[in-house]
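First subunit A sits with subunit B, and in the next complex the same chain sits with subunit C.
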Partner chain A sequence: MTLEFKQVEKRAGAETHIYPTDLKLEDGGFNILLGTTLSGKTTMLHLMAGLDRPTSGQVWFNGKNVTGAPVQKRNVSMVHQQFINYPNFNVFENIASPLRIQRTPAAEINKRVASVAELLNLAPLLKRSPHELSGGQQQRTALARALVKDADLVLLDEPLANLDFKLREELRDELPKLFENRGCTVVYATSEPNEALLLGGHTATLHEGQVTQFGRTEEIYRRPKDLRSAQVFADPPMNTAPVAKRGDTFVLNETVNWPTMERQRTLSDSAYTVGIRPHHITPVAGRGHAVPVEGEVLITEFSGSESVIHFRIGERTWVSQSQGIHPFEIGSRAQFFIDAANCIYFGPDNELVSA
Partner chain B sequence: MTRRYKWLLPAFYIVFLMLPIYWLLNMSFKTTNEILGSFTLWPKNFTLENYTTIFTDPTWYNGYIDSLTYVGINTAISVTVALPAAYAFSRYRFLGDKHLFFWLLTNRMAPPAVFALPFLQLYSEVGLFDTHIAVALAHALFNIPLAVWILEGFMSGVPKELDETAYVDGYSFWRFFIKIFIPAIIAGIGVAAFFCFMFSWVELLLAKTLTSVEAKPIAAVMTRTASTSGYELGLLAAAGSLTIIPGAFVIYFVRNYIAKGFALGRV
Partner chain C sequence: MTVKLTNQKAWFLVAPVVVLVAFNAVIPLMTVVNYSVQESFGNNIFFWEGVKWFEEVLHSERFAASLMRQIFFTSVILLIEIPFGVAIALSMPRKGPWVSVCLVLMALPLLIPWNVVGAMWNIFSLPDIGLLGKALNSLGIGYDYTQEPISAWFTVILMDVWHWTSLVVLLAFAGLSSIPEAYYHAAKIDGASPWAIVRYIELPKMKRVLIIAFLLRFMDSFMIYTEPFVLTGGGPGNATTFLSIDLVKVALGQFDLGPAGAISLIYFLIILLTCWLFYTLTMKDEAQ
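Right after this comes the complex of A and B.
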């Protein structure tokens, strides 16, 4: 099954929500739409579902043009960020509702609802009303309704965002398994880069209504096409700074420079933007090409076994993310190490030149 | 000490509120002679004759039937018309929607008396005078805006994603609206119906102006009971007591949502 956008554009009045987009989603795979709030994820999902019509362009599904087809005529299912269930139906009827619309025989409805409920640990709750369930159970009910239909296209709009972290981790582990071997295309919208990495599959990075890159999740993380894609796929934000290449060294400022890697030898000597992920700047020298820099500590954040330290070199703020607790005095000067082997470089138009 | 007498103030207030109602009930079980002749805190000659008269004399009980008929028609019209209107205001953005929404409420800013004359003339011309539907339609002018406002508030409390989920599941608009959406805002419909009912039930001026014989409301019947022996106060009190019942009955069903209704669904 394939879903294809051909120059799909969505405008509302003078505002452009989605710029003309070409996108072809993988056959029966897990696809992630990664973007910040208001980047257009929900609009994209609405266009895919057929809840919204594109202003221009075409949507093709399985080789058929479905641009004008209403959502009822397409075999899709959707789960929202909010826990949406029909308040006047019990859990069983909630899950069964798409089948009832399709006039599935009662015996088959019972069978399919029972098997999906079993899969999502809802079996003992079928008689309950949705408002008697916990948030996690409500979202499971919504997922069950999306699963029971055997839709060709399953759209998940930040389905885990409103859950507390324990439930989120639990459900995130289950999600890819749930949709495995069902032959459906899954589109999962999220604003968390880590979630995208954990779920795998393919990722489309979305930035202010534009799909900046689409490809295998890991590939996009390792080799972002340009600075925008890199920033969408970075949490905490990627450190960027102008550098100059002079012969076999990259020069950040008078005191900080580092040798080029093998793969960067061919780059011409000129100005570049370096992108360094926060976990490649650490207070302890790692193996390989550790480049020492000195900065003034601004903020320190500790979360369990992890330290996030914001520091300043000159006018520029940097973020370091490292394992272990590194209690620096705020305002003190401290030494950090940049892992030069993992720096990525962008050219004058912010396009990737070396990763 | 203060703690022991804390109940006094609310008790006093409740007595103060209930006193007129008690007095009405008290009078309804007395004869007119006793009401006029002496001051008694409870009926000396307890009589049900006033109530018997009301339930046996067609001019009396027809007043109740007429009132309930046009109130019922009005409530049905108002809520039915307000439902799609409120849905549109809550779900769609269109040119001038906010102004239109506010304009609706301005319909309630004019006193009903202003409309009595145009309604009377218009209805006489088109032959609607002295019918139930005439009063029901006149009251709809005030009740539809109110019902739209109340229902819009309740509908906006239902996330738009519920609509989307239903469409994705394959529901057509009407099937979704009737099977899922209306049950989801049933409390709001109850509250809106209650407010329509109450306005229509207590409104006297339009109802009286637009009717003469066939659809005369109970309140109008009550004002026309002067006989050669003067006003029959006992009978009037009994009729008054009975007018409280339908309201009390309706309020019972929406008692948990009334506050939300007064805030036009925005709590």
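Right after this comes the complex of A and C.
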């Protein structure tokens, strides 16, 4: 089960929704499409499903060119952000609907619906109608409909976005397990970097209709290919600033500089862009290479046991994310520590030079 | 020690509405109730009659006949307008510049005053000079709505369908437009047929607006007066004398205020009861 995009492009009028893309999705794996709203995630899914036809390029599935083949012929299933179920079918009939259209024998339908319902904890709700279910149960029904079909390709378009926090966590834990050992390729679109990290698998970062990078999820997080991919895969956003390498030091400004790490010794002396994830700038010095910087506190946000502090050095705004509550006065000057060991550097074309 | 906990000032805020509703609904309705239980003479002389007028009306063949005509008329136009309106809404474009063109064309008949609609169809259907009447007659169909009950019924029904199907279309179209596109994607992925999409997605999603469309069309058609009055005047004979036309004849033609009051109340109760029953039954399993 491989899905391959060969120079797939999607335009609508003068607008380009997806720039020519080459992408080969993992054999029977869990793939994530990560990008902000309007980055083209849904368009990508529609192209994969065959709901939309690419303007140019080819879509290959299992070694066959399926460009332009209608969606019904592709054995695809999809779960949407809204909870989509047939309004006047009960849960059983909803789950059974794709099998009924395939004219599966009744005994087989009963067996398969029962086993999927069991898996998704829907067994006691089979007789209910969708409007009698909670949001989480409605989405479970939609997931069950996608599962029961034994599709080769399962597309999930932000399926958890409309659920409340607790249900989202619960279902997110179950999702990868549901699709394990089913031999289907799963594509999961999300706008939340943390969700991508929690789900694992492979990730494609999407920015304004372009796939900026594709690879193992942790790998992309640790070693983004370029600044764009790093920015897509960061929440809160990554801090970036120009630095200059002079011998064994990186110079941020007259007062702030830090020594290069072992792996950066070979870089030539010139201008770079440094990328620092917010949790690598903390109000308390961590172990290792803590570089003190001083700035003016602009905004403080506390969530449970975490502080997010926005502060300013010169004209540039920085974000620090740290454990514990650090109640700084707004407008006051405060000291933060940059973890120099975890800085990543991008070259003049925003390509990664050192992570 | 008593402490007045409730603030009574809020009554001042409701007072304007109470006055408005009193003049608008309660007082006229009570006047009708008064007429219906009394014998009214000139110089404001009244005699108490109890339920006499109600008994008389309920046993009157004339009332039964116009009620039957009314029920038949309303049933026929509902059976035509609801499915026809839904069918038109389903076949309208959903996107692009043609949407507004279609909507404006659909809304046109609704913008024409009722008495003008009656006058238009009166002339349009005249057997000697009207386009419709002349065309039908030249096809060899004996058509004359001023003489022939079947022709009159045909014209009245055609006029109502022309005037009011648009309302159903607009409501059904609003219902259709509110269906998220993802439903169509899901159906396409399942491989559902076009008919299955209509039957299992579009119709259930339109249910609420169709109930409203049905109720509006039921009430309006059951109370229809101006258009048939201008078109046929209730004739030929009494062939198209619907309840409201009959009521006006009784109240203003014969000046029988007692029976007219009784008819009004019975008429009102029929509409109220039907709407309530229909709404309760259809919304029964919609309870959240």
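What we mean here is this: the second predicted complex is superposed on the first by the 355 of 355 C-alpha atoms of A that agree within 3 Å, B and C clash if a C-alpha of one lies under 4 Å from a C-alpha of the other, contacts with A are read in each partner's own complex, and residues count from 1 in each chain.
We take it that a contact is a pair of C-beta atoms (placed from the backbone, for glycine too) under 8 Å apart; a residue touches a chain by one contact, two chains touch by 3 or more.
Here the structure is a predicted model, which means the values were calculated and not measured.
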Check your understanding: Which term applies to subunit B and subunit C once both are placed on subunit A by superposition, clash or fit?
Key -> clash
Practice item. Using the superposition on chain A described above, determine whether A:228 touches subunit B (first), subunit C (second), both, or neither. Key: neither
Review point. Taking the superposition as given, does A:245 touch the first partner, subunit B, the second, subunit C, both, or neither?
Key: neither
Practice item. Please work out whether A:131 is in contact with subunit B alone, subunit C alone, both, or neither, and reply first, second, both or neither. Key: second
Point to revise | First, second, both or neither for A:87, with subunit B first and subunit C second | key: both
Exercise for review: Could you look at A:10 and tell me whether it touches subunit B, subunit C, both or neither (first, second, both, neither)?
Suggested key: neither
Check your understanding: Should A:202 be classified as contacting the first partner (subunit B), the second (subunit C), both, or neither?
Key -> neither
Review point. A:78 contacts which: subunit B (first), subunit C (second), both, neither?
Key: both
Exercise for review: Across the two complexes, find the residues of subunit A that touch subunit B and also touch subunit C.
Suggested key: 46, 49, 51, 71-72, 76-78, 80, 82, 84, 86-89, 97-98, 101-102
Point to revise | subunit C to subunit A touching residues, read off their complex | key: 180, 182-183, 185-186, 188-192, 196, 200-201, 204-205, 285-286, 288
Exercise for review: Mind listing the subunit A positions that touch subunit B in their complex?
Suggested key: 46, 49, 51, 70-72, 76-78, 80, 82, 84, 86-89, 97-98, 101-102, 142, 145, 149, 155
Practice item. Provide the residue numbers of subunit A that touch subunit C in the complex, in ascending order. Key: 46, 49, 51, 71-72, 76-78, 80-82, 84, 86-89, 97-98, 101-102, 129, 131
**Study point:** Contact footprint of subunit A on subunit B as seen in their complex
**Key:** 159, 161-162, 164-172, 175, 180, 183-184
